[in-house]
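Several structures are given next for inspection.
Both of the next two complexes hold subunit A, though its partner changes from subunit B to subunit C.
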Partner chain A sequence: MKPAQFDYERPSSVAEALDLLRREDLFVKVLAGGQSLGPMLNLRLVQPDLLVDITGIPELKRAEPDSDGITLGACITNADIEDGRAPDVTGGVLPAIARGIAYRAVRNRGTIGGSLSHADPSADWVSGLAALGAEAIIRGGPQGDSGRRTLPIEDYMVGVFEAALEPGEILEAVRIPRLSARARWGYYKICRKTGEFAHAIGAVLYDPERSVCRAVIGATESTPLVVADAAFLFGDRPSDNLAATYDTAAAARLLDRKGMTDPFERQVHLAALRRAVDRASLQ
Partner chain B sequence: MKTISLTVNGKAVTAAVEPRTHLADFLREGQLLTGTHLGCEHGVCGACTLLIDGSPARSCITYAVACDGAEITTIEGLDEDATMRRLRDAFSREHGLQCGYCTPGMLITARDIVTRLPDADDRRVRFELSGNLCRCTGYVGIVRAVRRVIEERQKNGSAARPEAGTTPGTSLGPVGSGHARTMPANGPIKRQMATATTTAPAAEPTRSPSGQAKPGMEIRQSFTVNHPPDRVWAFFDQIDQVAACMPGASLTTPPRDDHVAGKIRIKLGPISADFAGDADIERDAANKRGVIRGGGLDTRSRSSARGEIRYALFEEKGGTATRVEVDVGFTLTGPLAQFSRSGIVNDLASRLTAAFAQNLRVRMDRAAGGSPAEPEPSTEQTAELNAGALVLSVLWARIKSLFGALFRR
Partner chain C sequence: MTVKGVGGRLIRKEDDRYMRGRGQFIADVRLAGMKDVAFVRSPVAHAQIRGIDIPDTLRHAVFTAGDTDIKPIRAVSGLAGFKVSEQPPLATGKVRQVGELVAMCLAGTRAEAEDIAAAVSLDLEELPAVSDMLEGRKPGAPLLHESWGDNIFLETLVDADLSATARTAPIRVTREIRTARQSMAPMEGKGVVAYWDSRLEQLTVYSSTQMPHIVRTGLSGCLGLDHGRIRVIAPDVGGGFGYKGILSPEEVCVCWLAIKSGLPVRWIEDRREHLIAGTNCREHHYLITGYADRDGKLLGIDCEATVDSGAYSAYPFSACLEAAQVASILPGPYDFPAYRCKTYSVATNKCPILPYRGVARTGVCFAMELLIDAIAREAGLEPHEVRLKNLVRPEQMPFDNITKKHFDSGDYPECLRRAVAAIDLPAVRDRQKRGEPDGRLIGVGVSIFCEQAAHGTSVYSGWGIPMVPGHEQATARVTPDGGLELRVGIQSHGQGLETTLAQVAHQVLGIDPEKISVVHGDTGYTPYSTGTWGSRCMVMAGGAVTRACQEIARRAARIGAWLMQTDEAKVTVRDGMVVGPSGSVTLGEIAKVWYLRPQDLPNDADPGGLETTAGYKPVRDSGTFSYAAHATVVAVDTEIGAVEILDYVIVEDGGVLVNPMIVDGQVYGGTAQGIGTALYEEMPFDEAGQPLASTFADYLLPGPTEVPELRIIHMETPSPYTEFGVKGIGEGGAIGPPAAIANAVNDALRLLGAELCVSPMTPRRIVDAIAAVKESGARRAAGDAA
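Our next item is the complex of A and B:
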């Protein structure tokens, strides 16, 4: 349970980090807290030449709220969000998700950007932020150190353990929209033990003032199933009482399209979404 | 080696560390602070929990090198801490420990609970303790001990001012990262891994696994190629050609008497494995079906895989096309198996099959003399599969449209 040898650098700016990430002769991995990568290193599943620890870079640890939402640097921790040190613009949604991630000792070092880039299908942020309509802000690329592009979170994870990062790119921040006061949110995670990998995740956001109705079925075997316009799950008439018009058959058809055939898998994923809908509903 | 300076239980320490040394080993082996226990060493059991800059963290998945400038407090550093004294008494009184292995981590977590959550009830205490495993007590005594201290604090007020370095900070980012100084590079960064010259493995003989236990994983895949079954069957006879269709696979020696030796590189995000091994092929030409039995070893992770692949060809579209059905059953042992999550393996297998089918189609088109619809693979050895990576995205889009009906992805 000891990692194979690796080198370690802790750059103090994004530009320095990108310089290291452009090394083509080395297998370079970014370390952004290491609460998922650490176990893989200890198990020697991952044997990089160089770890680039980005947690010393001040601009990756900023939390900047504005009227439309908040920009959270990649190295904001789950505990920062849980405790409100990173301001909440979602009426309690983000702190509640954060509190359910692993354990406090892990949340104190585990970061939002690290989790997204690790791209484990069972991770909370992959599904939760997709349901919130968040975006990934990526630095670097062909335009060099100041290059920036933005992707919807659901496009940032491209497969199991694969994020949409080109060589020489880094996840700089996550942009999360501010929810209106009327927004309704439901999130349900099925795990065998508190803090364990989720077996299924369901998430629903209904924010009529912003004309948003989104749903996510997550913790599947690959990328989560993200429904950007989920009105059809509610008979095209979503209301504050989402459960009243919720159409389980329509959700089941989503699973058909995803190719999920195992009856148990279907059952837990439909149950997770159903319970998320119940939690989102005003009753 | 990197030189780090940090504070351990109030004492300044400067030491040279290998980057791979985790904080718990640094403290136990280097500082002889053996109160921090190591259980699972991958962040699950909580035995190694200690305070970094006053907040609890896992010392087995935090590398010492990343704690440069940080303040570390282990269980030894809390001997005189008033809250910890109350907790120790309560753990003794309420049977909060038996063998004592989990206790240092339990106490650190318990201290965090009583100071951070002064109103926690039983349910919340259990939720917060879920990251610390105890195999002796059944948790009842531990929960009771924590609740006793919470009640005492509610009645008598919290204890006197805690020791320096034992209260959480207010800065953003991972605990311990607030002091980061750029580390002076000492010497060029080395390539750590031997280049993938997978030497022929001493794989065990792979004769028929009669009486073999049920394989750990079973996967069924199918795909269609636009060539008649006879031609596909003939193509399947050319083992070198078939192997070349498998992403990341190549033969290490020429096939003989239905026995093949080869290797395959599989990449899943940051995980990569080079399996080398051998297999025997049995063919039933009359029914156009066959079985490949074999096994291989990934020398780097010392994981091995054994299993069999059954394949069968079926006529489609009035004999102009062939549906290939593949059943794979395999068992993975060694470190990689600890990580295997069936859904992820299934996803990888379906990607591998899709890439294999695509390569097969290209090669068969070329062999049939028709102008291939797709660009030919540039080298004989097909690129390793980098599951989901963007390098595959163009190919991937084609696969999806080709096999959309079959894979429904």
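Our next item is the complex of A and C:
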């Protein structure tokens, strides 16, 4: 269980990293913490010619809050968020999610951008940031080093272990909106043991001052089920007591649409969402 | 004063190096010019090998069976009807399990060796695989070993006529019970480093083994090399649990290659190899019927047990130890009049089943204790009441049970009563009535078992496996400065024997344990021993150390008496001194005279001096029987199938405890493994025989947050047959939890009418069991309506 031979570069700017990513003669992988990629290399599930370690790039480690939200560089670690080194604009959502990711050793090195780009369906950020209405800021592409495009997080993960990155692109940052003081949220993860991969994730955000009501059912077999306007899950009348009007049947219909037929999987995913709703509710 | 002898809670001597990271484990062994091996392993469970394609440029670095003259590993059981499997360390003709070794690749680093392995391609003609033992038992199943005509290593039968019992018993309960295949997971995997020492003309083998002498014997057979040409050294070993108690094909191959190449060669197992190709254990199936009176008194047990033995018979324990044990220990700690048990050891296309801490007892306890609870539910009694009606009573001890197991001592009912009291059964029943605010269901469960340990010659010669323990020997040697060296053939890999054997020697001689060193795990230094298995070391090596130290005491007394010019009969040995009527002389002074100033001794002094090797067997070699009751309270989240352990009590009687702190450690560790068996650990296979858990992401082990604070209560009934009354106690922790936890889960689910008879109790299995009851209820309701 040792990796096949690869070359390693640790650029100090995004421009340098993009130069390396544009190498068409090589199979290049970005290393942004390595908590998933490391084992995959060891198991030889992935055999790149070149690893580009982006964790030495200062611009990817910025945390820049403003009045509308915060921009977190792709290489902000889970522990940065857990410990508050990255400011929180979400009333505690981000640190709460970060604290539940795997084990502390993984959180110390694992990054928010690495997790999103690895696109494991059971990863916390894939679901949690979708519930928050976050966006992925992608750098590079046809416009070169200064090119930028933005995608909703739910569109950034396009499949199992597949992110919406074109050749020559890199995830630069995540933009997370600031929640209002009235915002209510719930996040519920089901896993068989602490630190293990999630088997079901439910997340809900109700922020009436910003007219936001979002829900996510995650840790499915593929991309999470993201409901950008989730009012119908609450009989079109979401309130601080979300649980009061929560419509399980409506949630179940979401699973039908997703094609989730296994009774156990349905039950567990519905439980995760309902429990997230319970946590979000003022009862 | 701190007790440093038997009964002292001494800090472990070995912990200083372990806690400072200064242990020397197999992967720490570095030899000049050492090369690494990676194996080409079979990617399929069953296939004919049509060809092995090695690129010409790599031919020098790749070795297949055709290049070697290694003899197959044969672990033959003497039990009548046993069918012999030959396990070629490198596959010849066929492969019979995923991960079977096909070729060996040698390079400067493991990564390069893996590059070479990746360049070797196999031409395999896939054959239908036996992935399930019950299917494998059936006529017409694909055959692993064609000459057998079927896939059955061995059938055994403990026969009795239960027809009268069956006719008249008021209660008859039948259950199909299954324990999953597991992969034991010591923190350190297996590994071996070998080189040919041309000065000594000796193959030196470092191996992460619990049984260095047995490995030496096995290597001698497979390599055709005299014992005297092989030295096996077990360095620090990071846990074994049985996995390191076998001769592994990798060990044989690496040793052959070391001789062939003249280079130091090593192989360090990675966790993927470990999970898919190394460490399988535990897979049992029971069809069991219990007969009982309305008051819960057992009238008879009738069982058909099947063990998935895997593809080959592992050396030295064989493919049948597990099932042979099932038949003989299924009756557990109970006294009942009629017993029948048929067992099958079935060959399947999986890796060989290996003895794992508790060996068959974990499965047997699971089957028996779930059955007892089912009988209790049928009888409308508290489960512990049914047990109390049937447990062997203290006044019956020593007791020969229905399978002629000789229980040496103990008070089984009291053990159970204490466990039930400690878990506070009435309070749990009240809590159940009140219900939980979060809607979870509370359940309470108990299990009780006894654990044969340190069983010796008569037991193992009966099972007829290649390894039969005889007298255990120890060498004791006083050093010139009055310290003591003990040399034992067992191996300590977490049991703390460097400490406890020193405590035993201290008890006899009074030498400070700080000045006692225990040498173990090296065939070059120690007397022959079958090694560390079967919770035998404290009884057997402890007994041997006692005998050797007693002989040292006699010899020291003679020299001391001479030095004090008194009669030998008038001196005693205590506190590291020989004490006479009018003075004393320390062992240090005696040693100084013997080694450095022999001119002070008379000419007729005992030439044996201050070094001796002594052998030991207990008064009876039928084994000690420690026992324990486990009681637990769980909360079951029925919606998502999650189980939380709220409380866990263990009442344990291991006889006289040499170091109670170390025993606690053994119980904690074993119980963590038992919780793994109960709730987490499973090595699933698909129909083609592919193992489906190849990393710890898929093979779940309990971690610190899954193991609750365990409450241990000790009883201490000495064994009448051993030195100091000690009993073996290394495995019990891993035996009781699956049954106790399953009984607690089933207690919680009782009102729903759901019951699980399988380990591990995964969320899916729990949810499915509840759903199945709801469905059948709905069907019944629909039927009624119709």
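Rule of thumb we're sticking to: the second predicted complex is superposed on the first by the 283 of 283 C-alpha atoms of A that agree within 3 Å, B and C clash if a C-alpha of one lies under 4 Å from a C-alpha of the other, contacts with A are read in each partner's own complex, and residues count from 1 in each chain.
To be clear about the criterion, contacts are C-beta pairs under 8 Å (C-beta built on N, C-alpha and C of every residue); 3 or more make two chains touch, one makes a residue touch a chain.
What you see is a predicted model, and the numbers here were worked out from it, not measured in a lab.
Participant: Name the contact category of A:190: first (subunit B only), second (subunit C only), both, or neither.
Facilitator: The answer is second: A:190 touches subunit C but not subunit B.
Participant: Which partner reaches more residues of subunit A, subunit B or subunit C?
Facilitator: Answer, by number of touched residues of subunit A: B.
Participant: Between subunit B (first) and subunit C (second), which does A:132 come into contact with in this model arrangement: first, second, both, or neither?
Facilitator: A:132: touches no partner chain.
Participant: Which of the two partners, first being subunit B and second being subunit C, lies in contact with A:198: first, second, both, or neither?
Facilitator: neither
Participant: With both complexes superposed on chain A, which partner does A:2 reach: first (subunit B), second (subunit C), both or neither?
Facilitator: After superposition on chain A, A:2 lies in contact with both partners, subunit B and subunit C.
Participant: Counting only touches as set out at the top, which of subunit B and subunit C does A:280 meet: first, second, both, neither?
Facilitator: A:280 sits against neither subunit B nor subunit C.
Participant: If you stack the two complexes on chain A, which partner ends up touching A:225: first (subunit B), second (subunit C), both, or neither?
Facilitator: Touch status of A:225: no partner.
Participant: Counting only touches as set out at the top, which of subunit B and subunit C does A:97 meet: first, second, both, neither?
Facilitator: In the superposition, A:97 touches no partner, neither subunit B nor subunit C.
Participant: Which holds for A:251: it touches subunit B only (first), subunit C only (second), both, or neither?
Facilitator: neither
Participant: According to the stated criteria, A:173 is in contact with first (subunit B), second (subunit C), both, or neither; which is it?
Facilitator: After superposition on chain A, A:173 lies in contact with neither partner.
Participant: Which parts of subunit A are touched by subunit B and by subunit C alike?
Facilitator: 1-5, 39, 43-44, 193-195, 197
Participant: Can you list the residues on subunit C that touch subunit A in the complex?
Facilitator: Its residues touching subunit A are 109-111, 114-115, 118, 270-273, 639-642, 680, 695, 697, 700, 702-703, 705-706, 762-764, 767-768, 771.
Participant: Spell out the part of subunit A that touches subunit C in their complex, as residue ranges.
Facilitator: Residue list for subunit A touching subunit C: 1-5, 39, 43-44, 190, 192-197, 199-200, 263-264, 267-268, 271-272.
Participant: Under the stated contact criterion, what part of subunit A meets subunit B in this complex?
Facilitator: Where subunit A meets subunit B, its residues are 1-12, 16, 23, 25-27, 29, 31-35, 37-51, 53, 55-57, 60-63, 73, 75-77, 79-80, 85-86, 102-106, 108-111, 118-119, 121, 158-162, 164, 166, 193-195, 197, 220-222, 256-259, 265.
Participant: Okay, in this complex, where on subunit B does subunit A touch?
Facilitator: On the subunit B side, the touching residues are 2, 18-20, 22, 25, 40-44, 46, 49, 52, 55-58, 60-63, 65-66, 68, 109, 112, 127-128, 130-132, 170-177, 180-183, 185, 189-193, 268-271, 300-301, 335-336, 338-339, 341, 343-344, 346-348, 351, 386-390, 393, 407-409.
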